[in-house]
Amino acid sequence: MNDIPLWLAIPAAGLLVIGATLVLLGASGLVRLHSFYQRMHAPSLITSWGTGAIVLASILFYSGQAGKPVLHDIIIGVFIMITTPVTMLLLGRAAVQRDQSGADQPKPPNPAP
Amino acid sequence: MSALILSYALAYAQTAIAIAVCLCCWRLIRGPRAQDRVLALDTLYASTMLLLIVSGIRMGTSFFFEAAVIMAVLGFVSSVALAKLLFRGEVIE
Amino acid sequence: MIAAQHLVIAPVIIPFIAGALTLLYDERQRRAKLGVSLVSTVLLLVVSIELMSRTKGAGLTGQGGEIAFYLLGDWTAPFGITLVLDRLAAMMLMLVALLAIPALIYSAAGWHKQGQHFHALFQFLLMGLNGAFLTGDLFNLFVFFEVLLAASYGLVLHGSGQVRVRNGLHYIAINLAASLLFLIGVSMIYGVTGTLNMAHLSKLVALLPESELPLFRTGAALLGLAFLVKAGIWPLSFWLPGTYMAASAPAAAMFAMMTKVGIYVILRLSMLTFGVAAGPSAGFGAEVLVAAGIATVIFGVLGTLASQGLGRMTAYQVLVSSGTLLTVIGLALMGGGEKMLGGALFYLVSSTLATGALFLLIEPMSRGEGGIAAILALTADAYGLDQPEDDGAPEMGLAIPATLTVLGLSFAACLLVLAGLPPLSGFIGKVAILSGLLHNPALPPMLGWGFLALLVFAGFATLIGLVRIGIQTFWAAEGPPPKVLALEFAPVLMLIAMICLMTLKGQDTLRYMEDTAQSLLNPAIYANGVLTAPSVEEEAARQEEGTAQ
Amino acid sequence: MELILSAAIGVLSASGIWLLLRPRTFQVIIGLALLSYAVNLFIFSMGRLTVGVPPIMPKGGFVDPTRYADPLPQALVLTAIVISFATTALFLVVMMASRGMTGTDHVDGKDKD
Amino acid sequence: MKRLIPHPLLSLALILMWLLLTRFSIGQLLLGSMVSLFAGWAFGAIEPAGPKLKKPWKVIPLFFIVGYDIAKSNIDVARVILRGPRPGAEGPGFVTIPLRLRDPAPLAVLSLIVTATPGSVWINYDPDTGELLLHVVERGDTDWHALIRDRYESVLMEIFA
Amino acid sequence: MIEQNLLLILVLLPFLGAIAAATLPVNAHNAAAWLSGLTMAGGLVILAGFYAPISHGQVIHSVVQWVPAIGLNLGFRIDGFAWLFVTLVLSIGILVVLYARYYLAKNDPVPRFYSFLMAFTGAMLGVLLSGNILMLVVFWELTSIFSFLLIGYWHGNPNARDGARTALVITAGGGVCLLASMLLLGQIVGSYDLDVVLASGDIIRAHPTYLAVMVLFLIGAFTKSAQFPFHFWLPGAMAAPTPVSAFLHSATMVKAGVFLLVRFSPVLGGTDIWFYVVTGTGIVTLIMGAVIALFRHDLKGLLAYSTISHLGLITALAGIGGSAAILAAIFHIVNHAVFKASLFMAAGIIDHETGTRDMRRLSGLIRMMPITGALAIVAASAMAGVPLLNGFISKEMFFAEAVDWHNGTWLDNALPWLATFASIFAVAYSARFIMSVFFGPAPVDLPRTPHEPPHWMRRPVELLVLICLIVGIVPDQTLGPVLNAALGSVMGLGTPHYDIAVWHGFNQPLIMSLLALVVGALLYALTGRWVARGPEGPPLLHMIRAQKIYEWLMLRLSWKWPRVVHGRISTEKLQPQLRILVLLSLAVGFTALWNSGFIGPRAKWNAPNLAFGLMWTVGAACAIAAAWQAKYHRFAALVLLGGAGTVTCITFAWFSAPDLAATQLLVEIVTTVLLLLGLRWLPRRRSEIMADRLLPARIRRGWDLVVAVVAGTGLAAIAYAVMTRPLVPNIGDWFLRNAYYEGGGTNTVNVILVDFRAFDTFGEITVLAIVGLTVFALLRRFRPAPESVAAPEQQKGSTSKMLSNYLFVASVIMKYMFPVLIVVAADLFFRGHDLPGGGFSAGVTVATALLLQYLATNVKWIEARITVLPIRWMGFGLLIAGATGMGAWAFGYPFLTAHARYIDLPLIGKTPAATALIFDLGVFALVVGATVLMLIAIAHQSLRAARMRETDDDTKPDAKKEPA
């Protein structure tokens, strides 16, 4: 790893720490928050800048290692950004419907006729 | 020096993400409702993918890329199916 | 022009191609599919005859000359996968083809219409069987086991219905579990010995250090257990009668072969790895095989007696046959000698043909008026199906006069073979086993007598059970005789003809079997042959060298 | 690591076996899936554990086999994964058919034990 | 041409993706082009025509706006997670926003933006009424109507025809 | 040479006749009879030719090799004894044929009868002429089989069926014992040749297994010759047509048993145990048969027990052994055959003419059928042992043996008394036969009006009775030479010549005979009426019927008890079966480990990593939770399974298996969706199953938990043991070294899959194809449970609009993922040979892309736009893979030989061009086809259910909707 120049290593390390911290925060939100709808917001820490930071770190690392830009990890970041919302969308709507039919859960406003 | 900095950062990142996965797992098992589990699984997926990337950096190989891409591109398919089942009671109509 | 040496792989390729081709036809083009299937199966028979004649070398003096090797991908053993055609494999290939043609013809009488893709599944079953018999690689064996099992799952479920699905579920669950055991066993053996090639393994076993033996034996034992499930050993065979009985007739007839695959592998592997040359591991598991075999025979006999229907009874006969063979394999590991083993191989073939024929006879025998359409409607009813979706025109065929007589004679022939009564091949097989056993001083005489008593008892019970069914069917039945199509008779008669041929050619057949047994008891020929078989490239290099000099 | 992985194999297989012995088809299918994870890991472990050295060779030059992971168990696991996927699918459909025809999801096709 | 390459922009993006996935070389460019054109063509079977774009370049400022918003929201939500959500009307809840967009494609982009941004989740869009239901983690500080309609929706309406 | 061939022809002839008769049309009565008669006559002609050499003590041999490897040869030999016996069989056979021609009814399938009869005759000749003891067993069993068919000839009659089955079970069972004894004999003597065996009496008697051999042999002989306690099959067999009885119970079937006894008595006999068992059994049978015969009301029943009794006599003689006894035995065999055949025929005529065989209804028939009556009276007198008839002489010889022969045992001393006692009853039952049928008042109320039968039906009886008379008057001149020749062939060289005289002076045997005659006659005169009023059988004794005991025992032995035992050691349930499998694996694994000593772990391990440990905490928790939830919370279990799978995937990646990680992921995704698709069809489980709370269920679960934990620990221990020992030199190294140079790829795993071990992949894709087909086939016939046909709860009261609204936005993104995924798949496909990926991954990716479109829209929508013919894909995929493999043949290489090289293309540069890539293309196509087929086939079921709901609603317009 010593073949990576320090000017790349330091931001990479920083990004790693930030990213990992966001991941940890996001996951702890999943545990700490009280209702499902609140918890739904937690993972977006992971899938937004959590992923972004780590992917960037990875790009820096491999580019430093190879001595030329290695950008393919961008793809991972892009698709995480694109695909995770799909799940959230569908899951959130499903949760609302389930809550409307279930009796013991707090009822959100009726979203659709 | 680079190695030292990076290895500390990587060790932290790896452990932190692993703990994050554990937290996801807690929610996964705990529920209480199905949507919580799906949410937890999706998060677990994403976190695991990041763990994969970080571990790849730590081991110095780039061979985990394919697995990570697959997780990023296809990981949501099962979550979508799970969500759809919750909404419609049926995955494909 | 395809060189003759490629014929060794033909038994795998032919059904593979045929199966793939039938997928290109529309589901309604059944005649075309049947045609492809039939051509493939007949080709298989021709090929297996040719292959068998190749292995009919001069016995041991041939020094392995009668074994043919086929290095897939031109990679030499133990790295690549090698197909090995020796006498045993050739015999099993032949048996598959002999059973397949009648089963296929029988299916043409109507069964192949009772569900989708019968012919593809059938061909893939043949492919799996043949591959399992030819391969010389443990993991490749697993793959072909899966091929044949998957096809058998399909064939068990062919026609669907409550009974089939319920039994199919059990069958699949148990076999999946057994497959996992198979994997555990194979991988342990690889982990300890570092090879998957059976010949290589046979060489390595004797050299294995003491410290590695426990793990190796555990792996082998688990592997053996997986095969014993397929062979239908007691107490792992409770799924078998229900499954076989539920399966459609042509499928059931092929299933007569399925337990034999387990037997084959146990025979092959135990002789290769735990034969006399295996050093400290020689004879490993022999006692277990004998005990389990005997238990299975007893269980099969009890089942035969306790059964009401012919289908179930035949399935239990399959178990009796399995148990007998396993016992013999165990005895062979103890030093039973080639005479006994040869007799067992003879018995294997004849009992397989007879159970196959019986499975084909069940339906015509239990049929009232109305021919095959009636029985299909009836089973659809009994099996809880609403309506056959894609019934074409009723199958045209020639109904046979003197139905009951022919049926009765066929049934009687099967009965004689299974009960081991003279004059048919079952008798020869049992006598050959027993005389080989009794004349062998290497084994304690009590063992021989005990086995003799067992076989006598089993034969007698079989007689009682089957006669009961036969009388009910042929003598106590009222009403006009059933209509049976020539397409249903012909296959049964073909199988009986094979049995008769085996009986008449008893000496030649038994000689072949004894030679086979002899080479099995000398695994070094097999092992050396596999490990030194040259690839095409090596051969070419060698020839170049020769011409240079 | 060896201890962790073998413990993992143990837990997976124990859970799988326990489910395999349960009376409901869905339990059995989940059990089979867990068991096949366990077995795949088991096969894999037979090649011993090596970290960070996938069996991907350089293009040319001397190859020291001890420096790479054993590729054969990996190839075997790949085949095993595919086959167990296929059989799981099959078992699932049989489970569906059995449920449809017998009216119960009991493995014996009848609810009474 | 339209029949063969129904989605030229998409195919171009896919070629770029291919080159990212593999390595930059003429051979890969050729192979990637073939694959991408095929992929575009196959997509044509599902979606014969892509969305009409009016000012596609406006996507670039949008990208940065969103990137900034997401970063900011990261901190907000992290705070919520650490401290717990605010109680009452300030805290988490559903927000209904009437939208002007009607086309699925820009709506999809909007949904991506909203959901990718921590703190807000797109729950439902009713195509009949054009109403969007959001769940937000903090209703307090943010004017959600303004954020969605002015900051994102209007830009999207410019980009898409 | 001619003689050898003639001998073969002699055996073969009846079988050929049988086949010929079987081919005759059903109504060819005369042709069949002529065919049979001529066949037998032909046999007699051959026998006549043999007379000269045989009478000089010559033995003619003939051997055809059958299976010499096990000493099973078609060896035949004819000596004096066999000659006499065969002549008897064929002579009586001709008469039976003639008789049957008139006996059988117009509508009986006559050719079948003759066919069976001939085949039976052939088998009988085989028994008599076999020169190989295994062949003897072969023919022995054949007689059982054909007699079974003959007895069951009128199988419409349940008595005939039962009788036939009993006969078969008893005699064939005995035959199996005989086989065992012959095998043992062969082991003792070292040959199955009869001549060798006959010459080895001393060795055999001295052998430790002598007793076993003898017992097995005697079971065989006794069952066949209906000796106590196996006698009961014979009366049951009387349900056969009378010609069959006349043949089977006079000269053939039952005589095969005594033939064997006589034949082997010089070999196995001569010991005390032989005498006790054989003579003892004979005497018991003799007395029992005689007593019971007196009390039978059925004519054929009387004759049957009489036959049993006479067989006992012969058996007793065989037990005594020695020349004189054997001579008597042989002579009585002949005599009994002659008079008993005639009596059966006479009984048949009476039955035929009057319609009944019940002696209580028959009376005074001598008036209507004087000739038949006279013949029957003579024959019955011979049976009773009246002087100047053949039966008298051989019985005298028996008495003489009983009196003169001594070995000092109690049985020996009692013999004269026992013999006389039996004889008294023989006289009594003969008297009853004569008196009650032919004398007394004219019969009333008979089913038919009796008169003399057709001439030709009576001829056989006449001839037989004539023989009774002639032999009875001039025995030595008629049968003397043959009997002595027969005796010589049985007893060997140096047998004295016996003169067979009618008059031996006023000696003890004669007194015994006269006593028997007088007392017997008196017995009948005194008890006749009482017997006729009594039950069918001796007083009290008739309650214990061997047949009943047999049936009771048989029912239990062959049906009830096996069912009970079988039920105990078997199960139809799945769980116990799987439990047994697991327990056996445990047992097998632990035994193998245990027996080979303890395995200690070696120090070779990787340093543990915290993150990895945490990951497996997650994995284990997921697995356990999945196990916990799978019953009541399927959805949760499925999600948890996904968690465990993800951790598994990470593990593969961690330990240098990127290919595995990728594949595991892909498969897991597809599996999850598959399982989700299936979930919809399972019953809803809202409330707990009550039985689950009960103690048995708890115990079962606890026990299973123990089993599972032990098994898991075992597997873990094994894995640990292997992982911690140093890597053995293995074939994996070779792959690493050769992947690039020989396989033309850097990703060794992929090169193994598509080149080194491509045959595995070849099989693997076939499995996938098969499963796809099976899934498809099964689902074509899928019938959902009524409960599942209804729309899921979530859809109650909802419109299809709701779904499209739900997916309105999301589906856009999902659709756009389609081309993206195609590109990803292409990437995975092309890089596979060098980097992780390959045809399988690519195929699953494409299939998932398609699946995503189904998820994003609905079946109708997507299928209107994209047509996938998955089965065609599968077919082409397989064919591509196969064709690639076969392509190597063109270059003279074996199947699946790959050619790999890097080609330098202009512009593009070095490009890997391996035929393996084409193979991988086949894999790709197949995987796409199979995966899509499975997914879509299941998905379509929802559509079908929806359609079913619609048609239901159409047909039942006013049916109430289920409350939501």
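We call the chains A, B, C, D, E and F, going by the order they appear; numbering starts again at 1 in every chain.
Convention: a residue touches a chain if its C-beta (ideal position, glycine included) is under 8 Å from a C-beta of that chain, and two chains touch if they have at least 3 such contacts.
As the structure is a computational prediction, the values presented were derived from the model and not from experiment.
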TODO: Supply the minimal count of touching-chain steps required to go from subunit D to subunit E.
DONE: 2
Task: Chain hops separating subunit D from subunit B, counting only touching neighbours - done: 1
- [ ] Could you tell me which chain lies farthest from subunit C when each chain's centre is the average position of its Cα atoms?
- [x] E
Open item on the list: Please identify the chain with the largest separation between its CA centroid and the CA centroid of subunit A.
Closed with: F
Task: Distance between the centres, which are taken as Cα means, of subunit C and subunit B, whole angstrom - done: 48
TODO: Return the distance between the CA-based centres of subunit D and subunit F, expressed in whole Å.
DONE: 41
Open item on the list: How many angstrom lie between the centres of subunit A and subunit F, each centre taken as the mean Cα position?
Closed with: 68
TODO: Please work out the Cα centroid separation of subunit E and subunit F, and write it as a whole number of Å.
DONE: 73
Task: Of all residues in subunit D, the ones touching two or more other chains - done: 20, 25, 28, 42, 45-47, 51-54, 56, 72-73, 79, 83, 86-87, 90, 94-95, 97, 101, 107-108
Open item on the list: Residues touching two or more other chains, restricted to subunit E: which are they?
Closed with: 17, 21, 111-112, 122, 124, 126, 128
TODO: Could you check subunit F for residues that touch two or more other chains and list them?
DONE: 572, 574, 578, 582, 609, 612, 638, 647, 654, 658, 679, 715, 718, 722, 727, 730-732, 735, 757, 760, 764, 767, 770-771, 774, 778, 781, 783, 793-794, 805-806, 809-810, 813-814, 817, 820, 824, 835-836
Open item on the list: Taking the top-of-page definition of touch, could you list the pairs of chains it picks out?
Closed with: A-B, A-E, A-F, B-D, B-F, C-D, C-F, D-F, E-F
Open item on the list: Looking at the complex, which residues from subunit E come into contact with subunit F?
Closed with: 7, 10-11, 14, 17-18, 21-22, 25-27, 30-32, 35-36, 38-40, 42-43, 45-47, 104-105, 107-108, 111-112, 122, 124-128
Open item on the list: Taking the touch rule as given, give the residues of subunit E at its contact with subunit A in the complex, in rising order.
Closed with: 17, 20-21, 70-71, 73-74, 77-78, 80-82, 84-85, 92, 94, 96, 111-112, 114-124, 126, 128, 133, 135, 137
Task: Contact set on subunit F toward subunit A in their complex - done: 793-794, 802, 805-807, 809-810, 813-814, 817, 820
- [ ] Could you please specify the touching residues of subunit F with respect to subunit D in the complex?
- [x] 572-575, 578-579, 582, 605-609, 612-613, 616, 619-620, 623-624, 626-627, 630-631, 634, 637-638, 641, 644-645, 647-648, 651-652, 654-660, 663-664, 667, 670-671, 674-675, 678-679, 681-683, 691, 704-705, 707-709, 711-713, 715-720, 722-724, 727, 730-733, 735-737, 739-740, 746-749, 752-753, 757, 760-761, 764, 767-768, 770-772, 774-775, 778-779, 781-788, 834-836, 840, 930, 934, 937-938, 941
Open item on the list: Taking the touch rule as given, give the residues of subunit B at its contact with subunit F in the complex, in rising order.
Closed with: 14-15, 17-19, 21-22, 24-25, 28-29, 31, 34, 37-38, 40-41, 44-45, 48, 51-52, 55-56, 63-64, 66-67, 69-71, 73-75, 77-78, 80-82, 84-93
